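Multiple structures are listed underneath, in structure tokens.
Below, chain A partners chain B and then partners chain C, in two separate complexes.
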Partner chain A sequence: MGIYILKRLLLAVPTLVAASIIIFLLIHLAPGGPVRVMLGPMQDPALVEKLRHQLGLDLPLHQQYLRWAGKALQGDLGISVTIQRGAPVTELLRQRYGVTLQLAALSMVIALLIAIPTGITSALHQNKIADHLSRLVAMVGVSVPNFFLGIMLILVLGVFLKQPWATGGYVPPEEGLKENLIRMLLPAIALGTAYSAIVMRMLRSSMLDVMSQDYVRTAKAMGIGWGSTVRRDIVKNALIPVITVIGNSVGYLLGGSIVTETIFRMPGVGRLVITGVFRRDYPVIQGIVLSIVIIRIGINLVVDILYSIVDPRIRYGAEGE
Partner chain B sequence: MRNKLFAAVALVSMLALVLSACAQPTPEVVEKEVTKVVEATKIVEKEVEVEVEKEVVVTATPAPTPKELRVGISTEPWDLDPAIRTDTGSGYIIKNVYDPLIELDQSNQPTCEFALCTDWELKDEARTIIVYLREGVTFHDGSDFTAHDVKYSIEWQLDEENEAPNKELLGPIDSVEVVDDYTLQVNFSDPYTGVLQEWTRVLDGVVPEGAHGERSEEKGVAGFAGTDLSRNPVGTGPFKFVEWVSGSHITLEPNNDYWAEGVPAPGIDRVVFEIIEDPAAMQAALIGGSIHIVDKVPFRDFATVSQMPGIETARIPGIQTQLIYINLGAPPFGISEDQVGNEAEIARAKNLRKFLFHAIDREEIADELFYGMASNQYGPWYADSEWTSPDLKEMTLHDSELAQEYLEAAGPEYADGFDFRMMCTNAQWFCDVSTIIQEQLRPYGVNVEVIPIDKSAFFDTMYETFDWDTGMEDWGLSNFLAISWLYSGYYRNNHNHNHWHHDAPDLPDHYHPTVPGHAEFVEMYDQAVIEPDEQTRKEMVYEMQELVTEDVIQIDMMFLDNLHAWSDSVEGFGDGLNSQGNINLKYVTAFSD
Partner chain C sequence: MSTTDVAQTPPEVIAPTVEREHRGLLAEVWHNFKKNRLSLTGGVIVITFVVVAILAPLLAPYNPVVQWDAPPGEHHPLAPMSRSEEGKLFLLGSDKFGRDILSRALYGVRTLLQLAAISIAFALVLGILMGAVAGYNRGTWIDELIMRLVDIMLSFPTLVLAIALLGAFGIGKTEIGPIEVSNMLKIAIVIAVTYSPRFARVMRGVVLQEMSEDYVDAAKMAGGSGWQILTREILVNTIPPLIVQASLMTATTVLTSASLSFLGLGLQPPRPSLGIMLNEARDYLFLGAWWYPLVPGVFILLIILGFNLLGDGLRDSLDPRQARRTRV
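Take a look at the complex of A and B:
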């Protein structure tokens, strides 16, 4: 296992380098730049040149990349140029990731709270009313975009029922955990619902698959309690593909947070990306995308390790061969 | 059974979460607080330290929740140093943290109400201004406000090294003299008739002497290098700066030592300016009650918001001009480098510009996109202003027959139409305006390619290339002198939006002289700006307006109205609104959340 993890970590290095080059090129090849945003309608050519020089934007692209990558290797993602000039990008990310990760975690909890019981119920009562109902709800859940659900929640609870907490806004946990959770609730529901539908459908089909296996029939024939079989054999084995979906969800949740944070006025990474793009804050955009790539690579690794824990038959590399 | 139980528990948990969120906040619990007190007792013979535990029972009354006035602003401020700021978002904060030297009243006239002046005198045909200052005013850092602070605020901007972006508005200053602690005299090298109006903008925040510090990269927020005040403003205004959480909010607290009686309004414990980029989220927050004031209301929502109970609205003629930039440095609307001096090409370009001017139906744009909440422009200035040329006011704007005549006059190859591009920034309504124009020009056989483009790319293309034809944008006029806008929009030779250049030493290599008229315009402006006689100056302004309109240097289309909305729990707020669209909390008389 240790060798496997080491191999995976080494493999992550070229992935990261490739990702960083792509990120850098995509951002810098887009037309426009931060200096134009900074100056607005006041576009004195001398000032434009001066600012470009100050920001190092007059250097050849490869030099700019090497400069940025060299600092990134030391944990320095640069300085924000238009969002909060002078602020280290790592500091901005630290402030914002707290909000986004809390939102993602709560969304995940809500999604699993909905998905696991309904997925299991649906599979155990295949083609009965509970199953049809669950599948219908899941279909709706998958089909409704999170921004639409978010707007509807705001409209009904915030605008029609006049609940101030329902119109969004963020309260840091240190200023009141209860208020923090209340404000997080609707964004988490908006973000987590569609995801719960995906997990529920996956769990249902995975359980049905497992339930048709010989060993389940054998356990039944041997008179082992059904509840015990479901818990120990069916659900546990059915969770393996679900774990993959959960792992992949990190990307979904981070992507979904862009819209959700904007609608619910939450100062997270999602809104930072939007502002960064509109203001052409290269270091901030590069820092965020790079951090998301790192998170994705890390999560994939964790998912692979979890596989072997959930299903001991799965072994990797030298051990497995 | 177990599964059913699990599902039921999950469902109940979810419902409980939702219901707990909907519930009214629970009152504070009365607590018993045990305080440990350490007493030192001295005995003459031997010093003994005795630790006595006393149980002090504090019956805590519920701590009152701070009354927070929440203001939704659609754009994050860039820099809170009034000498540096150039953006609207910063203006919202500056208006409440600082006091201006001279203020603009609701009809945009200079006044000393809510300003640091008590009176002024203009002498020697506006070559000298004496400003009398308010006594008993203190800055948020505790220092007293005197004429030395105003002198510093002016001189810091005048210093070339500080690169203050609005220093030109200070005028041709020769010297700044402190007559006494509360009297300041400023002498100009030429008559500066616009001093009062221009100073309302350039001195909209007086700062304590020495407060800017030195400008540096590290202190800045965006764009220009920053100062000590960029993120820690210190003024004399009714609210003190507390914190700025980038991307989230800016918090202010009341300045209880403020000089004006009843300001800030009682009942406000804290003001939070929350940054909300999404207009729908902003309106929902206002209606839902989590925001009390919004900086703007979308045109399409104004009628609906106006009918909401508990919400007050106001519609005020605004200062945001919608305009079409025209590339005068390349065909079809301008001339290329090899066409300089070619009369036929110059005439062709002018006829096509005049075609565009008269073919656009502004009324249709105003009705379709702005629900009629806009005012047409007849030239570069406000149509109802006495500073707008009377001849221009008589002009017919939309005239399809006239447009067709100009199209034909441009030459046979244009008579049946031609193609051109219109860039529009892909935010707000600019591309919608472009699309309507595209439809309006189709009957003439003219095909407009609408190019949605990011704002930074828009400016990049416009200033650095000749590879564009027209551009749809807007510009906020933050001052109230017709001559100032003529300067901002048309005067500069080396970075004119329309590539309107004349041959001169300051013209960079990558530009070339374009359609004629610029040198003449610059000469007229230089004379007008120092003309002491108001009537003569007005006539010179008319002449310049007529020149740029007749030659269609750019198309100034319309001013949009400012649409405001606020909760009726914020009393008096509406009295402070004017065309600048400020959020002026000095006018709030009471707040009850």
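Take a look at the complex of A and C:
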């Protein structure tokens, strides 16, 4: 087990390093160089030189990267150049990540609460009305863009039904947990719907897969009741592949929060990155993208390890390599 | 029973030829496909929108960028079925500048599908190239290098990578190296780069599978070069799975391009774009302008739904055995 975890960890490191190189190089894609772009029309040569030096752009490329990555390892992601001139990017992220992570977590909870019972019901009643209906809803759910769903939720609940909590905006949990959660509800639904549909479809097909396996047939033939342990076993086994989907979804939820935070005017990381793009704040963009990739790789690592605990075949397979 | 009896038995008795209809691959796919009503619906939706995109200039009642005046005492956006001061009928309402929403939405479908088509085409070319080269050189450092790169790119969430790249290049038309690139082409390239790793994975898998088939060995023995075998023999057989992937991927590409437009990072006004329309509509929700987000939103939803249904149906038709077991 220890060897397996170590192997996974060692595999994650090069991916992370390579991803960080790509993120580092982003700043050099800017047409005419990042400094010219960030300073806009005022091109005072002294200022250009100062900013170039501050960003380390006067060093050779590999030294620039090592300096940037070394600082990032110590939690220093540089300084915001346009959004909050002089503020450390790490500080900006610290203020905003709470909102984004809460939104992502709540979306996931809502999505799973819908997806797991529907997926199971759908598979157990394959080709009955309940199954057809939930599959149809899931298909529409996968296809509806979260920004359209979010806007329609605001329109129907906030505008037509005049619900004050359904109009967007954000209340920090310190100012009232209830208000915080209730305002977070619609964004979480908007973000979680597509994800819920994906999990439901995945769970359904994985259930059907397990149900067609020999041991289930044998149990059925032996007359072991459908509602008993067999059923529990099916669900347990069917949930294994779903764990992977949950791992992959973190990237989806963090990406989707960019759009959702914009619609519901929430002060999260997603909105910050958009502001960063509009105002050409390269250190902020780099910091956010890097942090998202780190979270994603980290969660995938945890999921892989969890997976190997639930399904030891994977572990032995990898160790046997 | 003596052996002579067997020898005298007419062949059709030994191997009774059930009159089995032999269909070609396309006919087989079509046969399976048309049985699935949902995928047929998807196909119809997709074809309808493609026709709308092509005929948008003929179908749109007005020029999508012309601004009409509101009648005295009234303000844009005007509700569906109302008229401008000039007496022009807004079938699905007007937008904040007094432009016809229906016309803008029809042209919006055109730009969205254009963008999606260019992006998918680029992504396919890039992905097929990477996947085919990696698969054909399986186990070598070339394979390792390409697939590592694919892994690294997949460690970025697609929308985040697209936003990061657009953020680096900047909004609007840009210079990539010495070449000036139009905004639409730039967005298409960015989307293609973010999606190509997925095609590369599918392609590599299919190539590996095909490589183990006898016909590849036969071609090798016949003295075909690597490139010849890859392009003449293997590539043809990889087309079906790639079509399925392309259809499903078009759905996500449409979503990504519309999301980018919605965020203000994609196509720029006054160009009609469904994403931008939805973004503008946000400011008018509290005036009760329901038609403003509804029209572009439903269009985007239907396009994505169409491609998803079509892709699902195609996948089932190409692999019916798998589909029967786990049709979703």
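The rule we apply is simple: the second predicted complex is superposed on the first by the 275 of 321 C-alpha atoms of A that agree within 3 Å, B and C clash if a C-alpha of one lies under 4 Å from a C-alpha of the other, contacts with A are read in each partner's own complex, and residues count from 1 in each chain.
As a working rule, a contact is a pair of C-beta atoms (placed from the backbone, for glycine too) under 8 Å apart; a residue touches a chain by one contact, two chains touch by 3 or more.
Note that the structure is a prediction, hence the values are computed from the model and not measured.
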Contacts of A:L92 with chain B and chain C, given as first, second, both or neither: first
Contacts of A:I274 with chain B and chain C, given as first, second, both or neither: both
Partner chain(s) touched by A:I151 [first = chain B, second = chain C, both, neither]: both
Chain B versus chain C as contact partner of A:V142, first or second or both or neither: second
First, second, both or neither for A:V302, with chain B first and chain C second: neither
Contacts of A:S212 with chain B and chain C, given as first, second, both or neither: second
Touching partner for A:I182 - first (chain B), second (chain C), both, neither: first
Chain B versus chain C as contact partner of A:P45, first or second or both or neither: first
First (chain B), second (chain C), both or neither touched by A:I263: both
Touching both chain B and chain C, residues of chain A: 30-32, 37, 151, 154-155, 158-159, 167, 262-263, 274, 278, 280
Chain A residues within the chain B interface of the complex: 30-45, 48, 51, 54, 81-87, 92, 95-96, 110, 113-114, 117-118, 120-121, 124, 151, 154-155, 157-159, 161-170, 182, 185-186, 227, 230, 262-265, 267, 271-272, 274-275, 278-280
Contacting residues of chain B [partner chain A, same complex]: 1-4, 6-7, 10, 13-14, 17-18, 20-22, 76, 86-87, 165, 217-224, 226, 245-249, 274, 276-278, 280-281, 284-285, 287-291, 427, 453-463, 475, 494-495, 497, 508
In the complex, chain A residues that touch chain C: 14-16, 18-19, 22-23, 26-27, 29-32, 37, 135, 138-140, 142-145, 147-148, 151-152, 154-155, 158-160, 167, 201, 204-205, 208-209, 212, 251-252, 254-256, 258-259, 262-263, 273-274, 276-278, 280, 282, 285, 289, 292-293, 296-297
Sites on chain C touched by chain A in the complex: 38, 148-149, 151-152, 155-161, 163-171, 174-176, 251, 255, 258-259, 262-265, 275, 278, 281-282, 285-286, 288, 290, 293-294, 297, 300-301, 304-305, 308-309, 312, 325-328
